[in-house]
Structure formats: structure tokens, C-alpha cells
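Right after this note come the structures.
Two complexes follow with chain A in common, the first pairing it with chain B and the second with chain C.
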Partner chain A sequence: MLSFGVIAQILWTSLATSSYFVLSAMAFAVVLKVNRLFNFAQAAVMTVAFYAAYTLVGLLGLPGRAGFVGALVASLVLSAAIEILGLRVLRRRGASTMFVFIFTLMISELVAYLAMLIYGTWPATVFPSLFWPATLVGPVAVSGWDVPAVATMLAVCAALYAFLRLMRPGQFMLAVADNPDLAELYGIAKDRVYLITMLIAGALGAVAMFLYGTRAQVQPTTSIDLLLFAIAASVIGGIGNIWGAALTAFVLALLQNASVLFIPSEWQGFLLYIVLFLAIVLFPQGVHFRKISQLFHRLFPRRLDNTHPKDA
Partner chain B sequence: MEYFYTVIILIGLYVVLASSFNLIIGYGGLISIAHPVFYAIGAYTSALLSRDFGVPIVASMFIGAAVAVIASIALALPSLRVSGDYLLIASIGFQLGLLELIKNVSWTGGAGGLTNIPSFLVQSVGRETYVALVVVVAVLSVWLVRSIAHGPYGRALSAMRDDELAYSALGRNAIATKVSVFALGSGLAGFAGALYAHYFRYIAPEQFEILQSAAILTMVVVGGMRSTWGPVVGAVMLEALPQAITFLNLPPSVLGPLQGLLFTGLVLIFMFLRPQGLVPAGDLWRATGDKDAR
Partner chain C sequence: MKTLLSITRRALVLGAAIVGAAGVTSAQAQDTLRFGLAMPLSGSQALYGQDQVKAAQWGVAEINAKGGINGKKLEMIILDTSADPQAGIQAVNRLVSVEKVPVFITAWSSVVKAVAPIANDNKVTELSVGANSADIAKLGDYVYTTYPLADIDITAVADYAATKMGKKKAAVLYINNESGTVGAQIFRDAFTKAGGTVVAYEAYDPKASDWTGSLLKVRAANPDIVHIQGLVSDTPQVIAQMRQLGLQQTVTSYSAVYNPKLIQQLGTAANGVIATSLAPDAADSPAVAEYVQRWKKEVGREPNGLPYTEYLHDAPYIIAAVFKKMEAEKIPMTGESFRKELMAMKTFDLPLLGKFTINANHTVNSPVYLMEVKDGKWSQLALVH
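For the complex of A and B:
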């Protein structure tokens, strides 16, 4: 049953489907790292991005590129509005974490209900058809959606890495994430950094949702499920670790895809909740890859040093 | 008249839910939105025990509440050992995960719901008696929450919420306090769920989803967090308001989202314009030094 072909197919499909999981996990993780906020409003931003693309492409018949730009613009506008009109006001009032959380949660639910009222609860897709022609590469079937999705994910990851490491606003983001008060003393405008972070997260969410909507059916509450996936990845990957969240999102996608071999497909969704709960119980501080490596070195020092017991 | 009784029963049950949620989120300062799932646990446990195992209804109701207490401890203990924020994440996962489980398991009736739940009091004594029972339970719940909030345990809760480090330094166990208040609130919700199941005789997973979380949260925020009467006012107002919308004869596909918009929109308006709610908490609220009320 577990032939090379099956394993290779699962790995490839997981890599392809992880594209939107990785991007939404990074969007959640970057806000958590810089703004120190569990941003549930990300679900609202993703819902708006999808329905903007759906309106332009699915309903008005415009090309896919127009839908992508529409999704991006809509998500950026909503992200800016949430930050400027909501979060900034609450910050200035010194609102508690609970208050800010309720705000982000209510925004995501408000947008979901609005989408239900306007578009109904029927599943929708960006393009009328979800069929993508497939090509056989050895034993692996590669669909026409897979390669652009993986390429987009890798390009966005590289762009974000370069932005954070090489560009001034990105470095300011890292400074604020490290110590917001000290960063402010050095003349970094915190509010502007928080806005930039929200915009980046909005853009990441829009790309993720566009990819998702071109491959699967979307309902007004779909983005909340995607957000849970992002939360699980952020918790396991270590809070404040964007790349840890991205890597964990890929592993979770792999786990979900591989689970069809062992459990009925209707239980696939349930797996996420088990992982989320286990993550909180077993890895509340996230998986510390460095610590695991150190533990491994301590347990198997000779083998790793490539020295034979006799030589010791 | 039957419709009128049903509305009173729903208001009574929401008073229990909002007051018990106020105990958790307001007085306890614990961030969780999974209150409807404990309502569901109470409803399903009581319904299944009485329907399939012949357990007397009163006993099933109390067992339903007890199972909700146990489930809440199982959820809160691992989450709160780390940080309060994790309770929020775990609660969302727990709510959606448990409802997903209920939808996929045949003995709970699946997504279609559980039917033929034994009726309690309505057929033997009369509908008015059940209404009286629910009202008594609602009044007792409000009294219990008020007694807790204004008694020694309430002062301990307030101290823990204001400065957990100082609270722990005084030799108090903050986690035990948090878990106990969470369990107490969830137990009340479980009992309300049991009362719901034996009156309406039909329960389905969709009745306990995020819309319910938004509704209960709205009742507490709009009514006034950390005040005894705030959640009561919120529950009465927000349960009566959707009934008014029902008279518009809108199709269910419009009615549900419209109610949701009403709930979430009201919370957002109150958060910015009147964060203290309709019934401000007074000194008990201000003593916390919270700046939300500004």
C-alpha cells in the first residue's frame, strides 16, 4: 500500500496544498511577533479577499489577474481600516488583551455574516471550474495548479525574508518585535510599523485565500478554519517564530494529506483540532528545534560525532 | 401562549448562560468563547442518558452539568498552566472539534441532530411549571454569581485578576482559582443545556456554534461586564430583539446572518462608544484599574 509512488504523491500534494496554509500561518505569525496580537481579524481579511476575487472573476467574468489584484487591494484596505480605526484606538485607550481579542473576533464574525447575507452560504470558487489538467512526472501526478502555487509560496517566503532582513521597514519591524519601547526611543514610529505589519499580513492572507479559492470551494466561514490551522502552526512553531510557523504549516499539511491512508476522509478535519489541543498540552512554548538538536546530541554523542565506542 | 412561554424559557436560559459567562470572562478575567460547547455537553449528556439509558431526567440533568464541569477542567487545566491566552485558543479548538465530533458520530444523531428527547414536566404537570422551573434556575444563577462575586471568593478572584503575581506571592494558587471559576461557570451552562434539551426535545450541533458564542458574548459586553444585572439586561434585550426580527417573515438564509450581524455589530458599537455596557459595574469594575471603561 505504501509504495514509493504513493509516498511521493502525498509529499508533492502536501507541498502544493501547504502553499496557502504556509502563507496564512506566516500572516498570523508576523502579527503575533510584531504587534503581539492574536489577530482573529485575519479571517475577515481573508474572507474579503476571496469574495473580492470571486466577484471580479466568478461573477463579472474578468480575468484571474484582475481577481488577484482585487483580492489584494480589498485585503489591504480592510487591514488598514482595522489597524487605524480599531486597533490603534484601542491601544491608545490602553485596552486590555481581552478587549482587543474580542474586537478582532467580532470583526471576523461580522464579515462572515456580511458575506453570508450578500453571497449566501453556498460554496463558491474563484474560477467556475476547479479542474486543473494534470501531468505525470514519473509516478507523481502534478496538476496545473500545483507548480504556480508552490512557486508563489516560495517567492513570497523569499520576498518576506529579504524584506525583514534587508529593507529598513522590515528591520524596524524586527526592532519593534524585539523591544517596542526601545525601538521608539531610537525614533522608530511604532504605529507605522504596526500598520505595515498589518498590511503585510493582509497581503499574505490575500495570496493564501486566492490560492485556496482557485483549488477548493469556499464558504463565508472557511477562512476561520484556515485561521485555526494558522494558529496551530504558530503555537507549535513557537510564538514569534515566523519560519517555525511556516515549517509547521507544511508538516501539518503533510499530516492531513497522509491521514487519508489511515483514517476516513470525514475525520480529516477533526485531526486539526486534535493537533491543536495536543500542541497546547505538549508544546505550549512551541517546538524548539535547537533544544531537540541539543537533546539528540546529549543522547547520542558518539554516533553523531562519528566516533566508534572503542575509540572513546 | 405557547410562543410566549418559549420566549420566556429562552430568556431564562440565556440569563443563566450570560451570568455564568460573566463569572468566567468578567469576574475571572478568563478569555474563552467556548461557553456554548458546555451548554451542548449538558444538553447531549442529559438527553442521551435519559433517552437511551433510562436514567431519570432530574439525575441526567445533574450528570449533564457534572460532565460539563469535568470537560471544562480537562480543557482549562493544561491551557491555564501555560498562559491565559492559550485558554482562548484551546477553547476555540475544543468547541469546533467537539461539534465536528458530534456531527460525525451516529449515536449523537450526527449533523441532523438528536430527536425524541424525553420531555420533562411539560406533559405531566404543564408548560407553566417548566417555565417556573427555568425562571427559578435563572434567578438562582444570578443570585449565585452575585454571592460569589461579592463574597470572599469574589475578592480572591478580583485580586487574582488584578495582579496574579501578587496573588500567587500571598500563597494563593492562581491556577486552582481560575480552573474552579471556569468549571463553575461551565457547570451552570451545562445545566442550562439540559433544561433546553428536555423542553425543546431536539438538539443539533449547529445550535451550539460560533453564533451562540457571539450571542452570549454580546449579552455580557452590551449588558455590562462584571455587573450582576448587566448580563441579565443583555440577555433579555438580545433575546427579545431577534424575536422582533422573526416577525419580519424573512427567509432563514437571511434571518440567521442578520441576527449575527446584529450581535456582532452591537458588540463593536458598545466597545467603542460605551465599553462599560448598559449597566456599568460600579466600584467593583473601577477597582480593577482597567482602562477599558474610558
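For the complex of A and C:
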């Protein structure tokens, strides 16, 4: 059963399907890092993004590009509205973290309910067809969806990295994430940074949902399930660590796909929660990959000596 | 004195009005025979519920247009359940306690189950029309179904695959919830009994969006046929991934998959998929063809869930037939006597479904239409009795 072909197929499909998990995990993690907010309203933004694309492409018959732009615009508008009309007002009123959290939760449920009323619960996809032709690359079947999805994920990751490291608004975001009060003393407008962060998360969520909706069927509560995955990845990847969340999302997608080969398939769904439970109990501050590396070196000092003689 | 006269006059007018109204109500009650219909008219399931109600309204109108029941009109009292058990309980309580109907129709398994105690406690007959949970046959003396339950079509497709198509090795892929687990067991048992072997038996998570691992296990088992017991939302995706991974075997499934959307979503990858239908199609019956034509003419489209609407259209005919017998024999219009007469009659000749029998064990016999996707269209593969 465990041939090279099977392992290669699992690895490739996991990489491709992790694209929407990685992007939604990054969206959740960036708001958690900068705005310090468990933003459940991200599910609402993703739902609106999907149904905007579905309306334009699936119902009105416009091309996929129009659907993508529509999803992006709809998610940016809703993200800005949530920040300006909701979160900013709550901050000014000194609302507690719990209250803000409940507000975001309420928004996600409200939008899911509205989507149900408008579009019903019949599953929908952006394009009428779900089938993507596949090509065999050696023993691995690569579908027409896989390559653009992986390329989009990598491009978005690179763009976000460049934005945070090289552009001033990105650097302001990191400054606010480190110490919001100190950043404000240095003249950084916190509210503006919070708005930019929400917009970036909205855009990431829109891309994630567009990718998901072009491959799988979506119902009004699908984005809430995706968000749970994003939360798990953010918690395990280290709260406030965007790249940790992204890497964890990929590992979790791989784990879920590969696990079926080793455990009864009905346990596949539980696996995410088992991993999340263990991560919270064993690593309450999240898994710090650097610390794991240090622990590994401490446990195996000889190997460390052999590998890096100069460090000994 | 003037005030007293005025009050007396007012009281008389009011009294006359009440007596008059009572007389009208009494006259109406004598002229009509009533039953209830509790269906989702709002909420997420309204898309289907509204079409099913319309079909039942057409059925009632046709009966009344042909003279009603021994000269009396058949009246259907429609209430909304939103496909929600709590709203269903409120609607059925009203039908039983306020409207005092001897029989009511409802659907959606969760609602059918939730209102069953009300029917049993008040000795009012409940007809489930459209729900297919196997438990419905065991909900009590006063709960009957006119829709075939889950085991009928799955057994038929498994038996057909093993005996008529000559498939020896089957893989079963099922969603890990109640309907998936029960449906998969029915297929496994029926296929094995018919002489086949189940070489892979894989569950998948209801929230899964990728099935690569499970499908690779299925591929390794090298089956002749793959049976998918999933939902309308995930089955097309599983088939798409199957084909992408090079599994070209015939796929069988059940009634949930029989819809035009599957072909739209899968294109040529849908060819060879076999599903079931529990009601005749336009091609099978001139009456159904005329019924579908009426939908297109009056509503501008085909009904959502055609087979279900056929059952709803014909359900008032069953009630009318029982009422007719009760009226002719001057049997009191109670739920208890309705149930007794329903069981005494058992077999009905219905306009769309044809000859139809309700069994004493609270199930129905129904032919199963095996439908196959051929050249991008659903066409009938076989009719299994």
C-alpha cells in the first residue's frame, strides 16, 4: 500500500489542498498578531467573498476573473465595515476582549444566516463544473486546479512577507504588534494600522475562499469549519506567529490526508481536535519551532557536535 | 334605562353574530372534510417545501374539481414547520388541538420524529411523505409513511450490481453520519448476500474536502464497482477526485444523487454513475409527463425534487379515498378510525405513482428506478420491483 506513488500523491495533493487552509490560517493569525483579536468575523468575510464570486460567475455567467475581483472587493468592503463601524467603536468604548470576541462571533453567525436565507443551503461552487482534468506526472495525478492553487498560495505568501518586511505600512503593523502604545508614541496611527490589517486578512480570506469554492462545494457554514482549522493552526503554530500558522496549516492538511493510510478513516476528523488538544496541553504558548530545535540539540548533543564542530 | 336598552341591543347583535358565525362554521364543517399539511414554507428548506405544498394543492384542487368526496370539498390546512422540529411541534399541536384534523401530512425526518408523540398521544394519523429515515417505520401506531424508506433503493442497487451487472468486488465509501453508516451497511449486506465481496469499506469525515487517502485505499483494493453513500454536497466531489486519481470503475449511489446538477458539475466524468429514483419520470408515465409540463407552463420550470413532489401530489388522493369510505359508511371522522380504514384499504390507485400499497409494518412497497448517466443525460437502466 505504501508505495512511492502513494506517498508522492498524498504529499502533492496535501500541498495543493493546503493552499486555502494556509491562506485562511494566515488571515486569522495576522489579525491575532497585530489587532490582538480572535476574529471570528473572518468566517463572515469569507462567506461574503464566496457568494460574491458565486453570484457573478455561477449565477450571472461572468468570467472567473470577474468573480475573483468581486470576491476581493466584497471582502474588503465588509472587512472595512466591521473594523470602522464595529471594532473601532467598541475599542473607543473600552469594550472588554470577551465582548469584542462575542461581537465577531455574532457577525459570523449573522452572515451565515443571511446567506442561508438568500442562497439556501443547497451547496454551490464558483464554476458550474467541479471536475478538473488531471495529468499524470510520473505516478502522481496533477489536476488542472492544483498548480494554480499552489502558485497562488506561494505568491500571496511572498507578497505578504515582502509587504511586512519592506513596506512602511507593513513595518508599522509589526511595530503595533510588538508594542501598540510605544508605536503610537512614535506617531503610528493605530486605528489606521488596525484597518490595514483587517483589509489584508479580508483579502487573504477572499483568495482562500475563491480557491476553495473553485474546487469544492460551499454552504453558508463552510467558512466556519475552515475558520476552526485556521484557529487550530494559529494556536499550534504559536499565537501571533503568521508563518508558524501557515506551516502548521500545511502540516495539519498533510496529517489529515496521510492519516487515513494508518488509522481507520472514521478517525480522520477527530485527528485535528486530538492534535489541538495535545498542543494546548503540552504547548500552551504554541509550538515554538526554534525552541523545538534547541530541545533537539540539547537531547542529542553528540550529533550536534558532529554536525557543527565549530559550535561545540 | 336607555343605557340598559343599548347594552341589551348590543348584546343581541353580538349574540346573533356569534350564533351566525357558529352556523357558518358548522355549515362549513359539514361541507368540507379537512386534513393538515405541515411543511417548510420558510427557512433554508423552503425551496423544496414550497414546491411540495404546491403539488399537494394541485392534488386537492383536482379532487375538488372532480366533485370532491361524495359532494363535499376536501380542505387542506397548511402550516409552516421551517423543517425545524420545534416549529413542527407548534404547527402539529395547532392542527391536532385547534383544527382537530383526523390526519395530517408532514415531512423531513427530524420533524416527522419530533411530532410523532403528538400523533400517538392524540390518536391522530400522521403521514410522513418524503422523509426516508429507516426509524420512521418504528415511531408508533399512528405514524405511517407513504414514501419508501432508505433500505428499499440501496438494496435494489446492490442486488442489481452483483446479479445483473456481474460485479464481484465492491468498494464502499460512506460519509460518517447516521444516514451514511446505515446506508453503507445495507449495501454491504445486500451485495454480500447477492454473492459479491466488499473489498474496501471506508468512512469519511462529514467535513472533509479532500478524499485522496481514502480513494488511494480503494484503488489499492482494485474493486469492480464503487458504491458511494454520501450527501448531495460531497458525492460529486468524491466522484471528481476518483476520476482524477484514475479510478474509472462504475459508481453506484442512491436517490440523493439523482439530480441534473451532478451532470452539470461533473461533465463527462459523470458518465456511468448509477443512482436510484423512487418515482416514475416523465419518460416512464404520460401522467408524470403532463404533470411536469404543467409545472413548466404554470411555474416556468421543473419542480425542485420532482420525485418528492409526485408523492406530495398523490398524498391527498390517499386521504380522499379513505375519507370517501368513511363518509359512505358513516364512520366518525377521528384519527383512530382513519388509521383503521387506511390499514383496511391498504392499496390505492394514484394518478402519478400508480398502484401503491401501504404495509401493516408501516412501510410501503415501491418499484425502484435505476438511473444511469449516459452521454451526459440521466436515462433509465432498469426497473426493479
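Quick notes
Heads up, the rule we're going with is that the second predicted complex is superposed on the first by the 299 of 312 C-alpha atoms of A that agree within 3 Å, B and C clash if a C-alpha of one lies under 4 Å from a C-alpha of the other, contacts with A are read in each partner's own complex, and residues count from 1 in each chain.
Assume contacts are C-beta pairs under 8 Å (C-beta built on N, C-alpha and C of every residue); 3 or more make two chains touch, one makes a residue touch a chain.
Here the structure is a predicted model, which means the values were calculated and not measured.
Aligning the shared chain A places chain B and chain C in steric conflict. In the superposition on chain A, A:99 contacts chain B only, with no contact to chain C. Contact with chain C, but none with chain B, is seen for A:128 once the two complexes are overlaid on the shared chain. By the touch criterion defined above, A:116 reaches both chain B and chain C. In the superposition on chain A, no contact is made by A:61 with either chain B or chain C. Contacts of A:187 after superposition on the shared chain: neither chain B nor chain C is touched. When the two complexes are overlaid on their common chain A, residue A:212 makes contact with chain C while staying clear of chain B. Look at A:269: by the touch rule set out above, it reaches both chain B and chain C. In this superposition on chain A, the options for chain C are 77-85, 167-175, 275-283 or 293-301, and chain B clashes with just 77-85. The intersection of chain A residues touching chain B with those touching chain C, taken from the two complexes, comprises 116-117, 120-121, 225, 266, 269. Looking at the complex, you find that chain C touches chain A at residues 43-47, 176, 202-210, 212-214, 216-217, 220, 232-234, 236-237, 240, 243-246, 264-267, 269. Interface residues of chain B facing chain A in the complex, by the touch rule stated above, are 25, 29, 31, 33, 78-79, 81-86, 88-90, 92-94, 96-97, 100-101, 104, 210, 214, 217, 221, 253-254, 256-258, 260-261, 264-265, 267-268, 271-272, 275, 290-292, 294.
Within the complex formed with chain C, the residues of chain A that make contact are 1, 6, 9-10, 13-14, 17, 116-117, 120-123, 125, 128-134, 136, 141, 143, 212, 215-217, 219, 225, 253, 256-261, 264-266, 268-269. On chain A, the positions that touch chain B within their shared complex are 38, 89, 93-99, 101-103, 105-107, 109-110, 112-114, 116-117, 120-121, 221, 224-225, 228, 231-232, 235, 266-267, 269-270, 272-274, 276-277, 280-281, 284-285.
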